[in-house]
């Protein structure tokens, strides 16, 4: 695709060509836009609402103000409730907290895996029993 | 709750008392376990499968081997397909890539917000037209 | 100082010249060693035990296996108990968790500051009353 | 505890119920507050001043403006001097710098451990000789 | 391009189709490969050696063992010397150290900009005088 | 060197003594300045322009507003074009994106190394053939 065609497709999809796409070097413009569109905007295995909540959680954990704004508002566009937005933030908090603890503690890796596998077996048995 | 009661509840839920909970100081044991159980294991606004995919994306973005193992396997326990697990990883990649770019570029914040709001208005209009 | 003198000082202080110092370019060797020695090993405002616990918390939060090993063992050298080591890990967990949440929530900055200042005034009054 | 009781306890301790606690889902309110209070505000193994300096160092290393404000001011409340606050920032700088270097260099892990253990033995011998 | 054509191009360029490209969803395969090839492997404004040293510094700062291996070896492929590889690691150390300090200190932003601008003016004048 | 001599050297080099150097404790002032000057400002193995682009990429990946400003402007001082500055940002984006993906996917380490080594052999052969 030529640059003008990519811009036309972006405009068709987003209404405008935002500056962060417009200024990409021509050798990357089409491929970057294609990934953006096919991953974040298309219907894929994970519904768009949850993809945006994933984006929000990652952005909160890594402190990007552009991205927390983008993914929070995009999640709303795809129907996320305030409760779901907050819960994604709480899962990010929970994940970063425990991951910091396990790394600081230098928790033994083999113990961790063995314990998780025991838990998984227990949960699987409970799920089977509940059917 | 007393320590023994908390341990009994953990054992009832997870099958074992994993070391990372067992060794918590007594003053934090009940509250840490309650948050863990009520946020990550209970039925909440976001289905458990998606909460685990959020945990996986956050862990990949912040490089925690304990947590990528935990959340990948927990997502499987709650029914995630391989395609969903990969897609969560790809959303984490996508989010971290663009967030790094915007921060490195020192993208103008007011421009970013204005552009996003224009995009959101366009998407909302498209969604309304599609109904 | 000449290279040999710096190496002699390192050997005198640490017993050996570890590879990560030995291979530094000569233009940085003395200054890097001086900072290392004067900040981390000398008696300064914060007792060495607590400086190492700070290093451990930072390393856990940013997932460096070299550094969690180093600072945990160095904290023990300076007299830290297992309880203090665990507590530093828990403070790192706590800080990373809440900071992730506030950033994900895009918590209003002015509200945050105003609320903190109110809390600080309350705590100061309580401290004064307790005297 | 009921929500009103938790709020009363928060108000009693902090003077107000800050928004970031007030808006927590009810299923997490008590446990999150209990962890907050029992870890960060109670008398524990590490004096509160040093716990706040740990929080500050972690927050600086992971760039959270809410948290650097909170922990700097809280450290002052618990008696930290300007020199101690600066030193915690310098330890965070030092830790992040070296940890970045070791990771970038892919420093050999076994060498690192062996060297550290030699250093630890030397320091222990020096400490024993100094008694 | 069809999947087979993309794979043929990857094989032609890299000798093999590495698993991390082979398993990408078909909707992203061509675009992800195009970005990879046009940014990292093509002749662009920054010589490939320096692009790899940039990749190495970023990977060391964010602790990715895959990426420090990849970018170190790729830098060597493009002619980087051991001294350049070490220097990239030292610049990553230097940047992460000072950035942690400035954030921990909550250094005043306007002061920072004004001071930098004064320094820049001084350096520009020195450069002009040196011609 | 005495404090006044270090300040004179800083002033001679930078035109001013910026606050972030001026307020360093006296025990670290000379060594911190020496590292700063000998690594970032001196002629070393990597030309200064590329050292600043490395600093910019690292700062974008780790979201430091002080440092993205500093290294972008310093890169310009050392002759970087807008295209080179953007390309450094794009390499940071690329590196952070893929590194997040590989970590989230828990990509097998031995496979990764083996595949990279095959690619490196292929590239080396192509380079030799091209001579």
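As written, the chain order gives the labels A, B, C, D, E and F, with residue 1 at the start of each chain.
The working rule: a contact is a pair of C-beta atoms (placed from the backbone, for glycine too) under 8 Å apart; a residue touches a chain by one contact, two chains touch by 3 or more.
Since this is a predicted model, take the numbers as computed values, not measurements.
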Partner chains shared by subunit A and subunit C (touch criterion as defined above): B, D, E, F
Self-contact between copies subunit B and subunit D, residue sets same or different by half: same
Which of D-E and B-E has more C-beta contact pairs: D-E
CA centroid of subunit C to CA centroid of subunit D, Å: 9
Distance from subunit E to subunit A - Cα centre to Cα centre, in angstrom: 23
Averaged-CA centre spacing for the pair subunit F and subunit B, given as whole angstrom: 32
Distance between chain centroids, defined by C-alpha means - subunit A, subunit F (Å): 28
Junction residues of subunit A, two or more chains touched: 25, 28, 35, 39, 44, 57, 59, 61-65, 69, 83, 86-88, 90, 92, 94-96, 98-99, 101, 103, 105
Subunit A - residues contacting subunit C, complex: 56-57, 59-61, 63, 65, 68-69, 72, 86, 88-90, 92-101, 103-106
Subunit E-touching residues of subunit B, taken from the complex the two chains share: 63, 83, 86-87, 90
In the complex with subunit C, residue positions of subunit B that touch it: 23, 25, 28, 62-64
Subunit F partner contacts - residues on subunit C that touch it in the complex: 25, 27-28, 30-32, 34-35, 38-39, 42, 44
Residues of subunit C that touch subunit D when the two form their complex: 14-16, 18-20, 35-36, 39-40, 44-46, 50-51, 53-55, 57-59, 61-62, 64-67, 69-71, 73-74, 77, 81, 83-84, 87-88, 90-92, 94-96, 98-99, 101-103, 105, 107-109, 111-113, 115-124, 127
